[in-house]
């Protein structure tokens, strides 16, 4: 049976639970298993470049220990993507690049909502790496903590304000720049009237196609 | 129930049958319906720019008549993508742009195998439109007909030679540049040792995620 | 005798008459004939992507029936340029690309005045295709009909306001984004103080040079 | 009466005579006067960057002394274009940028035939300035003198070999990279089967349109 | 002993004196000689494109007469860089390109403070030539004379306002766009809190490394 | 007294010794101290992406413990540059970006000699991050170990062959892609006849200028 392993590279189980909920719609009967694991020896959250690097060694070790048909690194700053790819022959997806790929397949320009100001530089770096910096209409940071983001209602208003801001900058689709924003997707999409892309969902869509060696 | 409608914009039912087979692995029990329809009033095949334009009016009419949660235009020259998007509020995916998106989410540079020389200009145009011309390692045309491509074994050797050629140009993943190549995917991947992306499959992966208005 | 055929791809004879007036200064004694024809089976006007595609089949048929040394497609969204080039060995010019070429030969950055919002996406697509998106200082849409544009005085004020807006965005030259704006060129140029490029005139300048097989 | 002044920025009257012959087809009865003048105090030819700079002071002085509706700087390295533009309010065209503009209005990629190796860097600089470096398929230098180029037959074979070389690199149109090549245009076009753009002719086409303040 | 020759391409000895002061910190005991010379037959200042060209002939002659291990052209519009490189086998640095190189080695985006509006076009041209136009966050011109800039205190306020303006545009480092601004560097850096790059100093840093043929 | 701290992020003291020798020419009497330290808890060498990440935590800790006016990360894959910048207010230079900056200040296109194939992807990533991928003429890998590189004579021939290869690809200057190549610089430069840039030296040149808060 095909297995797609989603690795939350921070050690927050609340965050992993949110990720698992976000991809629930893709757990089809007889479809690939979509397992979410938490990197217990990863950083508490990835706010800084040091956190970003600190996730990589445990991430690679975990990938080496696991058996899966595809791996997803479930943090919107794509930590350790090249390193992870070097320790497995199976496909590895970074969720930010996946979201950007989904966005440009869908519309001309996208906006990004970041959790903190510092995320912007990592997103810009990923956009340059993938060659799509020119498609970014704009990015707005909420500047709140992961915790406040995970609460059911808090942050919804801040997200909608940020979504409207990037729409005004010309975005035709909006990328949620942190996995903790997943449960706000439908409300944001309804409020702004633009497609809202949740990065783990985007990566699952790509991984479903890439995972199986048995497909025609 | 969620329905993804895949429209083959040429009138070849053999081609539609091949498309339907290609996406069979994504027809999950209780998953979205993946329906493939043939554009009876479309051109016999899309070899030329005139064919490309000729598909658009019937394509738009068909989309207006159908009810679906997402549409896929199943020709690797993405005919009428903007026009189709203007006649529905549901997501519309072009399979070439979808394949390119899947490719850059997977690796740095991709190659394309085209059915005829003239396809290259349409692919280049699509790459420029999406902003990813710089990621194309190279493209090689088979210069054979759709019919010879659809036969089970013929063309396999030509495809493998073309795949090796784009690999030698630096491609790290290979895009099949025509829907008629789908049944050669596994053999080509095995022969070259690089991921091979079948564009309709790539579009289905993106559409699965984009289709449902009910997802969280 | 050299003949340059200007094809208005919509079926408005009023529009064709305006085009013919615009290029009157280039009808030199013993110079090439500059003939303007109307595509009777073209769309009434080209406001949408469907209109844009609908013009192509009759356009190609007309080019196949005519004898000319060069062809000009006289709509500022360059419909069917590649298709037209595939049915003749003679040069074919799209007027938008011609205007952009004239603009970058003249100054660093240009602005565009569009007739409707939807034209912008077609202009952006053409700019990307030609590789000059980065030279666009800005584009402003009038959002009025072709008819109101063709009246002698109406729209002049809207054009001047739009021209000033793109000048403020850094444009050093201004492209009229619809053939129906031609008769406002001199007034706009006088009002703004920047060169104003009328696309059919620009294409005629290029076609004069490209047309003759007899030149040294 | 409208006057377009073509300034040969080197002091070779043989070169000026060739330029005048090249644009003879555009001297229409009752059309604009196309006058060619020689910069007597310019450099003997423009082979080096020092020659390139040395042409500028006399060029600007000449423009200040002359009355014309448009100016053309007739050297394919576009010397002093910005300086010339700063001393007149009338349009000033550099012939290389004009040729490139004509090329991209005509086809996707162009090749250039240079007179000497050192011209390539100036052409690349101009292409970067205009933003079209990415459209250059390739450039080949003849590495011969201006004099040998001006003889009726000599150099034809070298030109054809160079033209074939850039065609093989993917050029769909060919730019003659020196005014002394003008009289070879028709033969080269016939031999290679691609449009060949003579830069002074290209500039005349653009200047005809830009020159008149009286046009509608 | 290693000698780096800094050539002020305008004839202002006050300007040369300011340059010499700016690089005083790099005159190490037993380090390379850093000599500053004035181009007596250069233009009084480089405000226009004509001035820019006028500096080149005397600049090349001076380089041919001098013996040095590296040359620096000390004007922030990099006049005659290619010409200068063609008359010596020793390294030649333009100070604007040097400052831009130092800026991108230090941070992602830089701003520029120009002395006059007209300098901006020359800076943009240099950025395009070097391929780094995309890293310019913004440029602001003071629109004052060289003389008022050279006075000890005048202009400090204007510089700080301009520095703040480019910081607000996203600059993470600031380039002084004229050699006459050198003595304001420390005050500007203190006021804005961003690294301020003085172009002659930047070029000296690069020249120190490039100058010696004897280094390991 | 000004102090520039050069941190070798691998734990090889032989490598650090080579670095120290390479920058000896810049240790001027009364000039800044140029200290080289070894990261004892860094990886043995940086061959892989995992090594690259593994260097970052100890690197940041070291920077936090040290007092210096500027820091240089002396590995040609620029590990942890953004992280290092986040833990100090003093300038931090990555040697690869420094070498590229020095190269584009010196000439149009550069080549790179890599130690192993895998370095190329890290160099490409750095070039994209800095925006200068387009200036890379080519890169060639030696595919030998750090140890064999550090021996006095071994590897010289391989380096010269690689240097000639990138010269043939159009490089006008050559960057040594590993600190262990420093002692081959003069021989390579002599053999190929192009400027050869040693990255630690390049960074020292930039750091000398950036280090002092006291300079005018």
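Residue numbering begins at 1 within each chain, and the chains themselves are lettered A, B, C, D, E and F in the order written.
Heads up, the rule we're going with is that contacts are C-beta pairs under 8 Å (C-beta built on N, C-alpha and C of every residue); 3 or more make two chains touch, one makes a residue touch a chain.
All of these numbers come straight from a predicted model, not from anything done at the bench.
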| item | value |
| --- | --- |
| Chain of greatest Cα-centre distance to chain C | F |
| Chain E against chain D, contact positions shared by both copies (same if over half, else different) | same |
| Centroid spacing, where centroids are CA-atom means, of chain A and chain E in whole angstrom | 44 |
| Approximate Å spacing (C-alpha centroids) for the pair chain B, chain C | 33 |
| Chain F residues counted as touching two or more neighbouring chains | 121, 131 |
| Residues of chain C defined as touching chain B within the complex | 48-50, 52-54, 56-57, 60, 80, 82-83, 86-87, 121, 125, 128-129, 131 |
| Complex interface listing, chain C residues touching chain D | 21-22, 24-26, 28-31, 91, 93-94, 97-98, 100-102, 104-106, 130-132, 134-135, 182-183, 185-186, 195, 197, 201-206, 208-210, 212, 214-216 |
